[in-house]
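Worksheet for the structure shown next.
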């Protein structure tokens, strides 16, 4: 069977999580997120991100996190601005609209929103009350195309949002990969300080399931539990989420796993660079998008699985390679050797 | 620490599930429910319930299952009828209404809906188009008060629904306990034959999370995946659900666990009967509601945890005792001894 | 053709409204409620109800007013309490649920909600966050069964709501009839003081269409225009609503028309009393519900149209008689004569 | 006071409508659209558009018509495609999204959708079930920028939609102006044959309020009344809508009024052409968008009101001039004279 670089959720979870699930298996706990593991997770997050006022809620997946956060914040006539590559704009089957809210999709060059992008949306929505009112900005870090925000960019965005009375929400499905990228200059503490809400993704970084929603803005914390319950996100056995994040966050396993994934991608990227390949986007997280000749793609896919992402012209296409906590070194070495043979 | 009879989701999962999660942990699988474990589960369900046309979708929890099934079936002006003890009517934070649909809550004597209950609702909603149109009937088996449907009752209901052009949906969060109750005369095959949709609950019967939605009515199967995705229920690692149900359903572990829970409840019930206690409802599943004197409740709660469910008068209250796959015999024996001392 | 007592919206509008529509017909005005007539209406309402901080918005109908007011106030997890005879509970095709909110229907003896009715709902919804949160109380005055609130009742309700942090919203589709009923002791000023929002119904009291929503609670006024627009209620020619209410409210025509309707109903009621008829409810507004023998109903329906409202037993039924601003004296005299012949 | 060319809803209604409202004022009629005038209107529309199977429903405004039609057709996971100048995309405060559905906004050069525009949307939404499913195409005729569809264009669009299993819905707020434009080659019968649903706008063509929704596709007609009621659009005095459309449609007054508006715009356009002005869009309906120097705009606005629509550069802007059934010849003559002085 071919090894797959199709995505970062092909395997189960890091073995330490399985160990912990076994260890605590018969301990009786309160349901619905009131277990001690979930409480521990909240405390660790508050402490490590130096954000003592933050509230933490664990849910099963990213689309769920997005739709609950957004619908809990917005009044019926308010909308959210996203890059048009944003997961909520294009990959969630209309989940946000299904809660009643418009998503404005903005064309960007690299998946990142900048103040001027949002300003453009604001400027064509001044006809009160005939047009929706923008109230929330949604960004992803790393983005859906693998890029990351710089500290300066995030500060600018945060400042702009405050000025315009907009909330800032960061989708962190791959936040681990962003903060451990070699070019990253943002700290966890910065995230807590510069966003109103964000989440730490578990599914794509070693957990079986789980995203940790962190609400930094106190005014958005009130009665959040109702929204979780109403949207079907309050697991009876919240312990499943608590134990996993406890394991990931104590001793920084979470960051190590993400860094591992990034490093594997880096090695593969270097191999592609060595054979002179261009890339669809400049990334140093766990997603890369090399552009290859069709014959090269064919050759490579004999031994490995990956997505052909975008047709460039009749002779070339970009492919997507994703690495994860579970991508082991020997496979990457083998893969790189095969890449080098393509020259 | 006191042993808790508060609910059937206090512990993790059956050890065989943990073993299977470990065994398959590094096997790469497709995401979003397209893993081989989930496919196996669908095949087992179709075969064992003798319902080859059924479609199966695995989701994380009961509220999620309820809101997705109901909102996928109803057009905007259609409503659902439920007992007023029904989970969707009273315990889901308005989840169904949040998808746009009215739930009619009907008073019942034992948590079970009968044709005449529904007929009463239909009769006061004939003013077209000023009133909502009833299109779906929601029942739970076992019900939220621990009772179960007889085969005759379910057949009557099913026939009535067909006659009135209503769909019938069974919440099976505790379907295992219902079908293994000693007074039960319904088979799995009957459920598949008599309902349009139902689900098999995993969370309350040995799984970490998970409910298996089974759509028997072919006309309701189309494009169901979109609804799962839109409501945030399509797990990237659907394998987590697939592996668990595969483990539960092969070799009938699922039914054994439920029967075990029922038997423990039965023993406890007998102890309460021996000291002359009355019960709030006549049940033989894993929930019992003995009525005790306050002093007895106080005494019992010194060593055990349980909910005081309903005040009967100034001297008596009903308590709720729930057993599960994880309630082991020694604890029950100990509990029974303490009960007998209350006489 | 038989004269119809079926409802209070069978005819067009009071002639003075037609005159005003003609008079102002070619005056150019701003659209979307920014015309001078609508502004005049707002000023008159603020002045006459002695509520200078109130905001006024004119919409076309009652269901529209109800759904916009309620959905603009509630957050997604909040619900509204209504009598189960309430228009929003039973006669609006699920309009409130379609905006995402649960309506709790409470059994009452006379269509009026009392603090204890609401307290009962609050008491069975304390399981946070598993149950919806009550945030709004909906009442109608006059009620759907023709009864009216006393000042004491309204004060009690208002005080209770404040204490429990609930908003109070009065559906005033027939508020004119309530405030001009002979047993009424509530003033317009009381309504403005004791409710957070109410509306003055035009459709059932002499206008072609139109209800005047009055928001007294300043915290509920913000950005209301967006909700009007989003729900399709912001008429391009808001002037149509403005001119009508201007005509109705200046010189107290509105109250005269309602009083006229009440007086006609009173005369008819006396005739029924004279022949010994009982009534379904004790009312002195423009709706009466006499209970007649089937043969009497048959006889009466030879010359007049009305609804048979409710079967009492095999020999008797209650009918509904509604009068309006357009029910002229001669018809009523004729009707009374026919009633007296039934003895 | 300055004469306003700001919009086509500044005045009341055509005098014949006021006459008819007076004439029928005291005739008692059934409520909620069951009056004889509304029935007559339905018959006239079916007959004149040669579409005997069509169903007709009268509502108060365009946003209301749009949101009800669209939400009645789509299942929760389905979306609608619109030009990004489309009223539903940009000018209805998120009304469509508030019913749960995504609107895809497509860039066009002239406000008109073509098959290739829609095909582009379909092609980037093939990832089932992760993306919404397009099911409806929304077009306006005349468009929001004053342009009209040719018969060939509409046929192509209709054919494409059928092929792709998409419904075609035409917003006809200004359909009168489209079908009486001098360059128009589409008949009313074509509209009925080529669209699944459309509406005839009254508000912008001589009525006080009102749009006539016409459902040609039989499969979309079922239970439409429930949607009207639920969204607050079913007027108790539907007679108000019925009488107006009866007056407009008998003797072709509707088309005469639209043609009158077009002719006035044509005269004004010629005056602007005479002074060498360019136009933002090529239109021959009742909206024109001449581009003027700022000094010219200033001069013109001394005597007339109109919107400055779009800044072209530091010296020039486009203005919007709208004419209507109520724009009388003498005013236009005067306006043209002032325009000619700008040379």
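Chains here go by letter, A, B, C and D, matching the order in which they are written, and residues are numbered from 1 within each.
Convention: a residue touches a chain if its C-beta (ideal position, glycine included) is under 8 Å from a C-beta of that chain, and two chains touch if they have at least 3 such contacts.
Protein identities per chain, from UniProt: A, B, C, D = Amino acid lyase.
Here the structure is a predicted model, which means the values were calculated and not measured.
> Counting only C-alpha atoms to place each centre, which chain is farthest from subunit C?
Here the answer is chain A, farthest from subunit C.
> Could you tell me which pair, A-C or A-B, is linked by more C-beta pairs in contact?
So, comparing the two chain pairs, more contacts are at A-B.
> Roughly how far is subunit A from subunit B, centre to centre by C-alpha average, rounded to an integer in Å?
About 34 Å separates the centre of subunit A from that of subunit B.
> How many angstrom between the C-alpha centroids of subunit D and subunit A?
Result: the chain centres lie 43 Å from each other.
> Measuring from the mean C-alpha position of subunit A to the mean C-alpha position of subunit C, what distance in angstrom results?
51
> Where in subunit C do residues touch two or more of the other chains?
Counting only residues that touch two or more other chains, subunit C contributes 76-77, 92-94, 98-100, 129-130, 132, 226, 229-230, 234.
> Which residues, counting only subunit B, touch subunit C once they are in their complex?
76-77, 79, 90-94, 97-103, 124, 127, 129-132
> Which residues of subunit B touch subunit D in the complex?
Per the touch definition, subunit B meets subunit D at residues 32, 71-72, 75-77, 99-100, 128-130, 132-133, 223, 225-230, 234.
> Inside the complex, what are the residues of subunit C that reach subunit D?
The touching residues are 1, 3-4, 7, 9-13, 15, 18, 21-22, 24-31, 60-68, 92-95, 98, 203-204, 208-209, 226, 229-237, 239-240, 326.
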